[in-house]
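Order as written gives the chain letters A, B, C and D; numbering starts at 1 within each chain.
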Amino acid sequence: MLEAPLYDCHRLHELAAEIILNVRELSAAGWTPATSSNFSCRLDDHHVAITVSGRDKGHLTEADIMVVDFDGKAVGSSYRPSAETPLHTHLYRRFVGIGCVLHTHSLTQTVASRLYADAGHVHLDSYELLKAFAGNSTHNMAIDVPVVSNTQDMPALAAQLDTLLDEQCMWGYLIEGHGLYAWGRDMIEARRHIEAFDFLLRCELELRRLK
Amino acid sequence: MLEAPLYDCHRLHELAAEIILNVRELSAAGWTPATSSNFSCRLDDHHVAITVSGRDKGHLTEADIMVVDFDGKAVGSSYRPSAETPLHTHLYRRFVGIGCVLHTHSLTQTVASRLYADAGHVHLDSYELLKAFAGNSTHNMAIDVPVVSNTQDMPALAAQLDTLLDEQCMWGYLIEGHGLYAWGRDMIEARRHIEAFDFLLRCELELRRLK
Amino acid sequence: MLEAPLYDCHRLHELAAEIILNVRELSAAGWTPATSSNFSCRLDDHHVAITVSGRDKGHLTEADIMVVDFDGKAVGSSYRPSAETPLHTHLYRRFVGIGCVLHTHSLTQTVASRLYADAGHVHLDSYELLKAFAGNSTHNMAIDVPVVSNTQDMPALAAQLDTLLDEQCMWGYLIEGHGLYAWGRDMIEARRHIEAFDFLLRCELELRRLK
Amino acid sequence: MLEAPLYDCHRLHELAAEIILNVRELSAAGWTPATSSNFSCRLDDHHVAITVSGRDKGHLTEADIMVVDFDGKAVGSSYRPSAETPLHTHLYRRFVGIGCVLHTHSLTQTVASRLYADAGHVHLDSYELLKAFAGNSTHNMAIDVPVVSNTQDMPALAAQLDTLLDEQCMWGYLIEGHGLYAWGRDMIEARRHIEAFDFLLRCELELRRLK
């Protein structure tokens, strides 16, 4: 019996470079404190390139990127993938159009996730930057960013996420006291989405302070 | 019948370099989240150099700068100019003395534009930095920065702007939930104006929090 | 009679490089204003590599790192160690497992230390980032970060610290109006701890503002 | 009749390099918005090296540093010195021990200067960082940072300053709606003082928000 098909090493090399460059910028912005956060790209229909657990996200090298299959198991590596790997692979399995998943812990994301946990979502309304989300061409609309409860039980978290995805088209969600997940068809789109989420959450917190 | 006169390629090259350098700095300050914002310089009496729509403003290259005529139509390029191009060309057409228009989306600009939308303007009073605006030599004065309603209908936005320009000399205005437009006779002056606007708006928000 | 055993110069060289690199990053984050703050690593069972008093922490070179013994006395150097050296050596003497002590003065640390001085501690609860502290594997817990009174009397400060260490396992504490001490088995762990403390203190201050 | 003695060109070259390096860092911190702020060093008993008016402080070169005499008149240069030059030369004339004067416009400085204008000073009390000011060895003290009224009449501003200097030893003061002046025996000390002022003013504003 044969193993799962091997992945394309050249493609992994390209994706690793893209992850390293983008994560360095997110880290410089202070969104990955204390070695937290994890990042991945779809490698092919069976594999994901993802950051190794516990590495300093400000100084990633190619050795900090590993391959896992869609069950979150390490492929060709003895490193331990992040405990949150199932929250990445779950998205790649469910949506063939998702090519990149970014998870960060900015101050704004953590604070907003606690402040809006009881409401269950953050309402974003009438911002020009809502046009940054794929499929949207006007500021004249609203989205609710879900806030789910935190748990170390990953299947339970994935189940919460599944319920949300059954109900709506969405590009990201908050976990209470924890941070933000955002995604897109590739790194460029996922990066645009995560920057838009963080910016709009900051606007909401500022307006709450000032009103 | 001949086409409109061609532009000076060497001058375009110079302006592109100036735009790239300055936008990189504005982007590093966090004023262009999620590929938003757009920037232009007057190329000659018929043409404008402007950023191509949707590019990452933190990593602009010369290929991200295109030429449009004063009607906002692409010249010698198949790229799509920003939907907001008419807000740039409108200013170049109306004032021969305007050489540069900068449009950004900082947190402060977005938050202030929502907070002061009902009032219709932000009042700035007695700051030394008011001297940064061309033609002003004392802190002992005041300006009102207009806040106009947001819309995806550019002619409607340009008409709002025209009404404002009929009434007063001004170096910039806010669009609600969106961001700031600022301009000057060249990049250096426009840059000084946009920095002064953002700084003074931040002061106002801080004072509002603290009083 | 022989002097205390000499230290390993090669090891000092390595530790100095590690201190310089990490302190430059902490300084760039604004955590060492006005030449404040000090940093050390265990060199061996008798010696500590520590920053010389009063140097600009943003531009450290190897000449800004000196050796002291566990009594805080300079070894092979005429430089003056920081007045707070006893707060470093005290930890190395008491816990053989501590390899690095970092002391910074960020805005957040200073403000939190004043705001929670009367309470005597800052309570941190249910944050995912609590997992950044060694020995902890869940967000579902709490820690109290002690706040001790400031004094220029180092033995008195060390005595306050001893009382705290008798009562609990801890990775850091605040001094009122002053800053944060944090430590770990090596630079990597101490750095992770200090970033986690600062991030969680910022979250607490933000939530206090917003609630 | 001979002119005033010429200055030492080599010393000017050294001081210019020191000013350029330090101002670039202050500018990167956002303390010199919109080409504001000015900076000087004592060149000798008759001359001062000072930044030319209106230059972008983030990109200073040696051509942006000029020489003035103690009356604020340009020496060997057709550039216009800053209108605030008398506030620098006044200090060099009065105190032979002052070697460097730094004037910046950070958000914190501007906001604090307005908020505490009626009180006439900002009270700083019991901070460890008070030890950053020359001559001070304990946190267990207080200083009042004066806030003077703004005016474009420099002799009037200098007279306000003289009255303050008659009453107390001080290392800096705020001008309402404007910014901060700080000084020291050389660039290193003046830089330490200005960083300490800005940090402590930020602490005060934060505590005011949070209490």
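Methods note: contacts are C-beta pairs under 8 Å (C-beta built on N, C-alpha and C of every residue); 3 or more make two chains touch, one makes a residue touch a chain.
The model shown is predicted, which means the values in this text are computed figures rather than measured ones.
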Fraction-based call for chain D against chain B, same above half, different below: different
Length of the line joining the C-alpha centres of chain B and chain D, rounded to whole Å: 33
If you average the CA atoms of chain A and of chain D, how far apart do the two points sit, in angstrom? 46
Residues of chain C whose C-beta touches two or more other chains: 209
Under the stated touch criterion, can you name all the chain pairs that qualify? A-B, A-C, B-D, C-D
Note: in the complex, chain A contacts chain C through residues 30, 33-36, 56, 58, 105, 107, 110-111, 114-115, 150, 152, 175-179, 205, 208-209
In the complex, go through chain D and note every residue touching chain C. 25, 29, 126-129, 132, 137-140, 188, 192-193, 195-196, 198-199, 202-203, 206-207, 209-211
